[in-house]
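Consider the two complexes below, in which chain A is the common component and chain B and chain C are the respective partners.
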Partner chain A sequence: MKVSNLKKSDCTICSIEGEINLNTSPDLRKAFEEFSRQNIKKIIIDFEQVPYIDSSGLATLIELFQRMKKIDGKLRICSVPEKVKNVFEVTKLHKLFEIYDDQESALEGF
Partner chain B sequence: MEEKEVIISLRNVSKYFQGKKIIDNISLDIYRSETFVIMGCSGSGKSTLLRLMTGVIEPDEGSVIIKGKNITGISVEELDDVRRSFGMLFQYSALLDSLTVEENVSLPLREHTKLAEDIIRIIVKMKLSLVGLRGYESYYPSQISGGMRKRVGLARAIALDPAIVFYDEPTSGLDPVVGGVIDKLIKDLSSKLLITSVVVTHDMQSVFNIADRVAMVHKGQVVIVGDVATIKNTKNPYVQQFINGKPHGPIDFFKEDIGIKEFLEL
Partner chain C sequence: MILEYSPKLLPEEVPEFTKDILSKLKPFCTDSDLLFDIKLALEEALINAVKYGNKSDKEKCVFVKIEATDQELVIEIKDQGQGFDFNNVASPTSQDNLEKLSGRGVFLIKNFMDKVEYFDKGSKIRMVKSLIQDKKLI
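Right, the complex of A and B next:
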């Protein structure tokens, strides 16, 4: 799994590439912790290149969501493949996260 | 038509206990994300079949193939690896009474992963939410009902996102309504999370509620495999006697019993 960040004005777009599972989610957590250290308050997570996410990946995302809430930050998710979207829906997390079709629509009014 | 992916395959499997053939040359394929029910009378060999599939015991003849890997005769380490893709719901839930609901569900995560405590705590909440037990984290097994304990057991069984969950008599000892709740959960996990469910039961209501396909085992052999309609409509006298709970028929408990003289060794 690879994580790359792109700054767009005051927003950070985090693109993830590869499966998020028990082996890779600790690395994702480290990447997310870096956001807190840098006090980044607006984050878009791009899931376009994520074919699979397991419960540890979802939990890592929830933890980021909780942290962002604490600092009054904003988190958006975009470009979620159908298979991953199903996992969000089964776990009802689609109601928790703001999910957008693509980066452009996620950036709109952010 | 889309080819179905075989996830569990038994090839000519036989098992003997004390010289008696308990499983007799069974070959069976179970497909990904289906709910496959194994039914049969007590002593028919259905639980032995489950133990063979989970690698608890090895066949004396034939092979058991899980996700393309023959688990017969592999090392303990390799078997542990395969088992990590299983979840198991035991007949009596097998929760540890001295641990809370949260601690019970988190056990496999603590044992098999190096995830941070905060992450484990969130996963446990997610799993408890999936089985409808949000808010019960701090309860002890003795403080909740039998049906709830089963659901905690199920949350623990799916803690590691298994590809396959094995259920041993999941509705036994539960009232019909709670049994129906467990049935719905099994069905939901299969359809939504694409988990393959292998259920051993003799609860006919449960069979008809959840099964995509059913196998009936009698005297260590598979009598029939088919969908629910096939099972209901078959003229096979063993199946008809079993599903209708008739005391008399080809499944004759008394005929197999040894006489009193032999029993007393006279």
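Right, the complex of A and C next:
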């Protein structure tokens, strides 16, 4: 799994590439913890290159959601492939996360 | 085709083990959507068996039996733990549990397989996935 960040004004776009599973979740958690250290308050997670997520990956995202809530930050998720989106929907986590079709719509009004 | 394994797995070894099993299922299932569902359920069930059943004890085995036909895939996984109350698992989709960091594995398995049964006080799971949809698409 690869994580790359791109700054767009006061927002950080975090693009993930690869599966999010039990073995890759710890690396993702470390990348997310870096956001807290840098006091980043607006984050868009781009899922375009994420073909798979399991329950440990969902937990890692919830941790980030909770951290962002604590600091009154904003978190959006975009470009989620259909099967991965289905995992969010089945677990009802699409109610917790703001999910957008693409980066452009996620950036709108952010 | 029948595959049987009894590895002594640690949680971090589960994704690779799952990948190996999935590669052997390719002759029976080529549909990527079905493979996604099977992978998710298999991985979650194995992690439950290794992490919660065997308590990550490297000396304990998980017994895996896979039967694949043109019509369906049957996966049985048994761990060496005490089992769990599978009738009393909190729903992770209720508002109170939505932000909880654990408790989604059993729920995902139930939703991504067609039939799920537990035996031996919960230490054995049997999951069935129909492969007919896949065959229609070929």
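We take it that the second predicted complex is superposed on the first by the 110 of 110 C-alpha atoms of A that agree within 3 Å, B and C clash if a C-alpha of one lies under 4 Å from a C-alpha of the other, contacts with A are read in each partner's own complex, and residues count from 1 in each chain.
In the analysis below, a residue touches a chain if its C-beta (ideal position, glycine included) is under 8 Å from a C-beta of that chain, and two chains touch if they have at least 3 such contacts.
Quick caveat, the model's predicted, so the values are computed rather than measured.
A.B. asks: Chain A superposed: clash or fit between chain B and chain C?
C.D. replies: Chain B and chain C clash in the superposed model.
A.B. asks: Counting only touches as set out at the top, which of chain B and chain C does A:L75 meet: first, second, both, neither?
C.D. replies: neither
A.B. asks: Going by the contact rule set out at the top, does A:K95 touch chain B (first), chain C (second), both, or neither?
C.D. replies: A:K95 sits against chain C, while chain B stays out of touch.
A.B. asks: Examine A:F65 and indicate which partner it touches, taking first as chain B and second as chain C; both and neither are also allowed.
C.D. replies: A:F65 contacts chain C only, not chain B.
A.B. asks: With both structures placed on chain A, which of the two partners, chain B or chain C, ends up touching more residues of chain A?
C.D. replies: C
A.B. asks: After lining up the shared chain so the two structures overlap, which partner does A:R29 touch, if you call chain B first and chain C second: first, second, both or neither?
C.D. replies: First partner only.
A.B. asks: Report for A:S55: first if it touches chain B alone, second if chain C alone, otherwise both or neither.
C.D. replies: both
A.B. asks: Once both complexes are aligned on A, which of 116-124, 224-232 or 242-250 in chain B overlaps with chain C?
C.D. replies: 116-124
A.B. asks: Of all the chain A residues, which ones make contact with chain B and with chain C?
C.D. replies: Residues common to the chain A contacts of chain C and of chain B are 22, 54-56, 58-59, 62-63, 87, 90-92, listed in rising order.
A.B. asks: Going by the contact rule at the top, pick out the chain A residues touching chain C in the complex.
C.D. replies: 19, 21-23, 52, 54-56, 58-59, 62-63, 65-66, 83, 87, 90-93, 95-96
A.B. asks: Touching chain B in the complex: which residues of chain A?
C.D. replies: Contact set of chain A toward chain B: 22, 25-26, 29, 54-56, 58-60, 62-63, 86-87, 90-92.
A.B. asks: In the complex of these two chains, what residues of chain C are touching chain A?
C.D. replies: Those residues of chain C that touch chain A are 11-12, 14-15, 32-33, 36, 39-40, 43-44, 47, 92-93, 98-102, 104-105, 107-108, 111-112.
A.B. asks: Show which residues of chain B lie in contact with chain A when the two form their complex.
C.D. replies: Residues 113-116, 118-120, 122-123, 126-127, 129-130, 159-161, 192-193 of chain B touch chain A in their complex.
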